[in-house]
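Two complexes follow with subunit A in common, the first pairing it with subunit B and the second with subunit C.
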Partner chain A sequence: MIAADQTQSWIDGHSVLANAPAWLNKQRTDALTQFETLGLPGVRDEQWRYTNLRALKSTAYQLAERSALNTELPATNGTRLVIVDGYVDLEASSIDNIDVTLGSLSDMLGNTEVQAAFGTTLPVKQHGFMSLNTAYADDGYVLIIAPKLVLKDHIEVVFVNQASETVSHTRNLIIAGAHSQCTVVERHISAADNPTHLSNVITEIVTADNAHVDHYKIQQLGDAAFHIGGVFVNHASHAHVKSHNIALGGRIARNDVHCNLLGQGAHIEMNGLVVGSGAQHVDNHTQVNHLVPHCTSDEFYKTILDDQSRSVFRGRIVVAQDAQQTNADQQNNNLLLSPQAEADCKPQLEIYADDVKCSHGATVGQLDPKSIFYLKSRGISDEQAHTLLTFAFANEVIERVQVESIRTELTQLIAGELLSGLADLV
Partner chain B sequence: MLVIKNLHVSVFDTPILKGLDLEVKAGEVHAIMGPNGSGKSTLSNVIAGRDGYEVTEGSIEYMGNDLTELEADERACEGIFLAFQYPVEIPGVSNMAMLKAAINSKRKYHGEDEISAGDFLKLIREKADLVEMKQEFLKRSVNEGFSGGEKKRNEILQMAMLEPKLALLDETDSGLDIDALKVVSQGVNALRSPDRAMVLVTHYQRLLDYIVPDFVHVLANGRIVKSGDKSLALELEEKGYGWIDGLQKAG
Partner chain C sequence: MSEALNEKNKDLKALVKREYKEGFITDIESDTFEPGLNEDVIRRISARKNEPEFMLEYRLKAFRRWQKMPEPDWAHIDYPKIDFQDIAYFSEPKKKPKLDSLDDVDPKLLETYEKLGIPLEEQKMLANVAVDAVFDSVSVRTTFRETLSKAGVIFMPISEALQEHPELVKQYLGTVVPPQDNYYAALNAAVFSDGSFVYIPKGVRCPMELSTYFRINEMNTGQFERTLIIADEGAYVSYLEGCTAPQRDENQLHAAVVELIAHKDAEIKYSTVQNWYPGDENGKGGIYNFVTKRGVCKGERAKISWTQVETGSAITWKYPSVVLQGDHSVGEFYSVALTHNKQQADTGTKMIHMGKNTSSTIISKGISAGHGQNAYRGLVKVTKGADNARNFSQCDSLLLGDRCGAHTFPYMEVENPSANLEHEATTSKISEDQLFYLQQRGLSEEASVSMIVNGFCKEVFRELPMEFAVEAQKLLDVSLEGAVG
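And then the complex of A and B:
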């Protein structure tokens, strides 16, 4: 049993992996040493100021164990990998219909590409959960896209939080070969009985020149779940990555999306959509490191908060001295539907080069009464007017979603039946 | 259809309308003219049911019922339409989506089935042609980035789609070029019918050459101070409002 608020408890709970190669066990023990100094973050840490983890820390967790899926998932004809409490469940997956390297990290530790890529995207300055992830994670998915391979259909990875009062650490790795193209949809869900589960999930994306990766993270956990996540990307020259970070659920959810633009001509698009209600707390941190010239970054996060829900957005853009001709944009718009909801946003630009174009904007607001009256004067009810305007707010981000089924799903989520049959009209 | 008696309206505790009387019957077209700030938009807004306009005295009856009891959306479903002096831009909601939602709300209110996708498209194409609006405007966000004239044309499109019983057009002619004025007037005239009434707020006699009113009223200081037929508009054009002010003082 691990008492989450005690650093020593995490250290005592750790064990090296019997069958793991030495390189991995070294990274794991190093990470644990790092954790010993870091501990778990608290409100005194600048990066966590607005996120109170008391509810997460006051729980005692067992380490999650490998178990079979006991929740029914919607049927799929596509490629789907299922991960239950941090362990790949091949029985529940359907991955044979596709000609790529896709499978369980623990099965692929001997792969030299995996060894070369593992851990290379993580920031030097980490928070305690990141170190814990490296120290503890036994499993996760690995996806290796061969050079020049272009996948038309998306690959779905479903993470199921199943056992209550457990913690799972999951580590994923996407290696995208030169000129390859793929779309990965990560979906994080809770089992039907809404377990109190802490999931700590990191996905690393390592790209070669001209690789295109569209990554979706759809976090729709139950309201008793705690989630800490990270998506970390290394961009080679002319690599294009789109990160779609869609946070719909969880009691407390924190997600970091960081990318290192390491090759000229690389492009990152970061899209975010938060829909919060009840007592939810969603904390998104993004960081774009412009390290070489001629890279572009385009960041667009939108938040919709109802009831007493809260959100944090911190967007950091660092433009190194050599990164001339950088073009970086960041927008963060927050819509508060209730007087008790609260959004904190902190854009942070650090620019050391002189020939760059950087812009950013942040807004926090409510629905415009003039627009509501305009719609009502056309016969649309107060409730529908609110729905329509809320959808309009979210739609700018939804429009950036390339996977049609996800676009429909998000439209349905926000607009309900109101816009059914209107999808092509809006 | 519309009977307004001794109407007093305050906005943020400031009295704007001060004892206004107006009766509009089915099939009639009324023009309301009057100086800036006299209360013309206030009158339109209070009939449409905008929040923040407090009726402190008097009554508004519509089709024999007390209108002030109804919410703005209920009034619209009962057949009242306001073409805004300043149409609102709504980024992210397309013209089509808004109109489909509006038509279906109205149908639901009257216990009718939703309009089919095919019927809706047919209807909107037909009405867009009526106001000579290009199809691409239908997919654009409501009024977003529309020119002043395009916004006004869009108001008439919405009116044509919703087929109101009582249409209030608040300065729909302002900002229109000569061709657009003709198009908008044609659109309005096409909707004239024995069971539909229209109230046009305008500053310009020119509009009334195209849409010939049955009555012309002058609204000043929150009241209708003079009513007449279309020749009153010509007289105003010639003499200005000073003449009316004098009239009011004398009376």
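And then the complex of A and C:
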């Protein structure tokens, strides 16, 4: 039993892995030592000042154990890997229909590519949960795309949180070979009985030259779930990565999306959408490190908040001294629908090179009364006008989704999530 | 034409090489406390100034709080640790002149002002400006006292105000920036030497621009100014502050506190041109400028406007803020911050929206050259009850050279859905196209850059009173010399 608010309790709960290679156990113990100094974050930490973890910390957790899927998932013809409480469930998965290396991390620890990539994308300045993830995670998915392989269909990975009052630490790895292309869709869902589950999930994406990776994270956890997530990307030369971060659920959900642009000509696109209601709290931290010249980054995060929900956005762009000819753009727009909702945003530019074009824009506000008036003057009711414009606000992010099936699905999801009145209109 | 330009270029080249013009030491015998800080020192400062009992209590309380506070380290600046025991906390020119005319002023002092280009007489005549010249903590002379007192305006050193209007000082001092506010504010509250006190009574429009020239002169002396400006209902005042300091090797600490209080329908306009010694090319010497400036719009329709041009100091740590308490109140912040050589600036503002229908504007222009590091750090907060708050923020940075840095750290905290906040920031270098255009019209590269930079800052400069705007433009040119090419 781990009392979440006690650092020592996490340290005591740790054990080395019996069958793991030495390199992994070393990383795990190092991470635990790091956690000892970091401890769990609190509101006094600048990067957590708007996120109160009291609700998360007041629970005592068991470490999640390997168990079989007890939730029914919609049928699929495509490739799907299922992860239950942090452990890959091959029984429930259908991955034989595709010719790539896709499987469970614990089965692939002997793989030299895994060893070379593991832990390389993590930020230097970590928070406690990141260290805990490295220290504890013993499973997750590994996807290795061979050079020049182009996958037309997307790969779906479903994370199911099942056992209540448990904590799962999951580490995933995507290794994209040179000139390869792939699309990965991560879904995070809770079992039907809405368990109080803390999931701590990190996905590392390591690219080779000219690799293209589209990464989707669609988080639809139940309102009792806590989620700490991380997507960390290393870009080689001319690698293109798109990260889509759609947060619709969870009681407290924190996401760190970081990328290191390490090769010239690399490009990152970060899209984010938060739809909050009830007592939800969503905290998105993004960071783009422009470390070499001629890289571009494009960030687009939107938030819609209803009821007492809260959102936090921090977007940091760092341009290193030699990263000339950088082009970086960041947009963050927040829409408040209720008097109790709160949005905090913190865009940051840190620039040490001179030949750059960087900009950021942030807005917090409500729907434009002129637009509402326009719609009403065309005979659309006040309620429908609001619905339509709110949807249009979210749709700007959805439009950036390339895969048509996901775009359609998201459109319906968002429509269902907050816009009951929309059904008659579309 | 081209000859004239060549001539101009020569001038510019000379300027590049020029020493810091304001860097000289006036040799006046001073009465200075030995370095060190303890309760005794504070009692002595208070006794020397013949302060009322409540003031001593205030200072001691602040000092006790300060001792328990940690030194802040969150700003994007880097400097060796300050030894607060190595600083003398009180210094004043020994011959304290109580004079009616300029002739009675110590000629050496007058010479100092001359070198600084502050002709007291001329300013009095031409600019209609009353000058309260602070020379190392103690005010030397005040002009135009009479004109002002006819209008009912109180404008005097705060130490005198403590003698003549203790009830007013007691009522307002520390209400905007309480001693426990932050580390440097607490230090200032404990040891502040002097500063200006302004009170504009109800419905009075101050008949002239008020101005104070601060000057740090004494070796190893920290300067702890305290300014308190109160505009009663319907009053208006424009206050100018300009600073220069002599060249020194040792770093000097400046921790000032400025408090503004605007009652119902009142307006305060506070402008600063700061040109303290920035240190040499290698970052040696220079002033540490840790300032707390804050204003409160207490009543309805009150307005506070900060304008600053920051070109000096080795380190600038300064966030002039406005608390928008009254309904329909307005806050403004216009800033130009320039860092060159090894200068570092972490500056910005806070706009706290509390009343209904409040609005604020933030225009910040940062220019980095050489190895300069320039950060904008700002907060716009809309509290629950602040219906229909409106904010517009714009932070632009210009980079000159590939070894400088420009950073923006804006914070937005919104707890009310009717708020409307916009923030935009851009960072870029001067475009080749603009430079080419100006150069093919016959301007030199330096003149072109100067013109572009001045254009970049125009939005802020036009907020300054005219004579300050001219000075600010000159300052910018001079501060940027050697940054181009």
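Going forward, the second predicted complex is superposed on the first by the 414 of 426 C-alpha atoms of A that agree within 3 Å, B and C clash if a C-alpha of one lies under 4 Å from a C-alpha of the other, contacts with A are read in each partner's own complex, and residues count from 1 in each chain.
Here is the rule we use: contacts are C-beta pairs under 8 Å (C-beta built on N, C-alpha and C of every residue); 3 or more make two chains touch, one makes a residue touch a chain.
Just so we're clear, the structure is a prediction, and the values are computed from it rather than from any experiment.
By the touch criterion stated above, A:A320 is placed in contact with neither subunit B nor subunit C. When the shared chain is aligned, subunit B comes close enough to touch A:A392, but subunit C does not.
In the superposed pair of complexes, A:Q366 makes contact with subunit C only, with no contact to subunit B. By the touch criterion defined above, A:L349 lies against subunit C but remains apart from subunit B after alignment on the C-alpha atoms of chain A. By the document's definition of touching, neither partner reaches A:A20: not subunit B, not subunit C.
In the superposition on chain A, A:A3 contacts neither subunit B nor subunit C.
In the superposition on chain A, contact is made by A:I380 with subunit B only, not with subunit C.
Annotation: subunit A has no residue touching subunit B in one complex and subunit C in the other.
Remark: subunit A residues 368-371, 373-382, 384-385, 388-389, 391-393, 395-396, 418-419, 421-422, 425-426 touch subunit B in the complex. Note for the complex: subunit A touches subunit C at residues 46, 50, 321, 324, 334, 336-339, 341-366. Against subunit A, in their complex, subunit C makes its touches with residues 74, 76, 382, 384, 397, 399-429.
In the complex of the two chains, the subunit B residues touching subunit A come out as 48-51, 71-73, 75-77, 81-82, 84, 87-88, 90-94, 96-103, 105-106, 109, 117, 139, 141-142, 158, 162.
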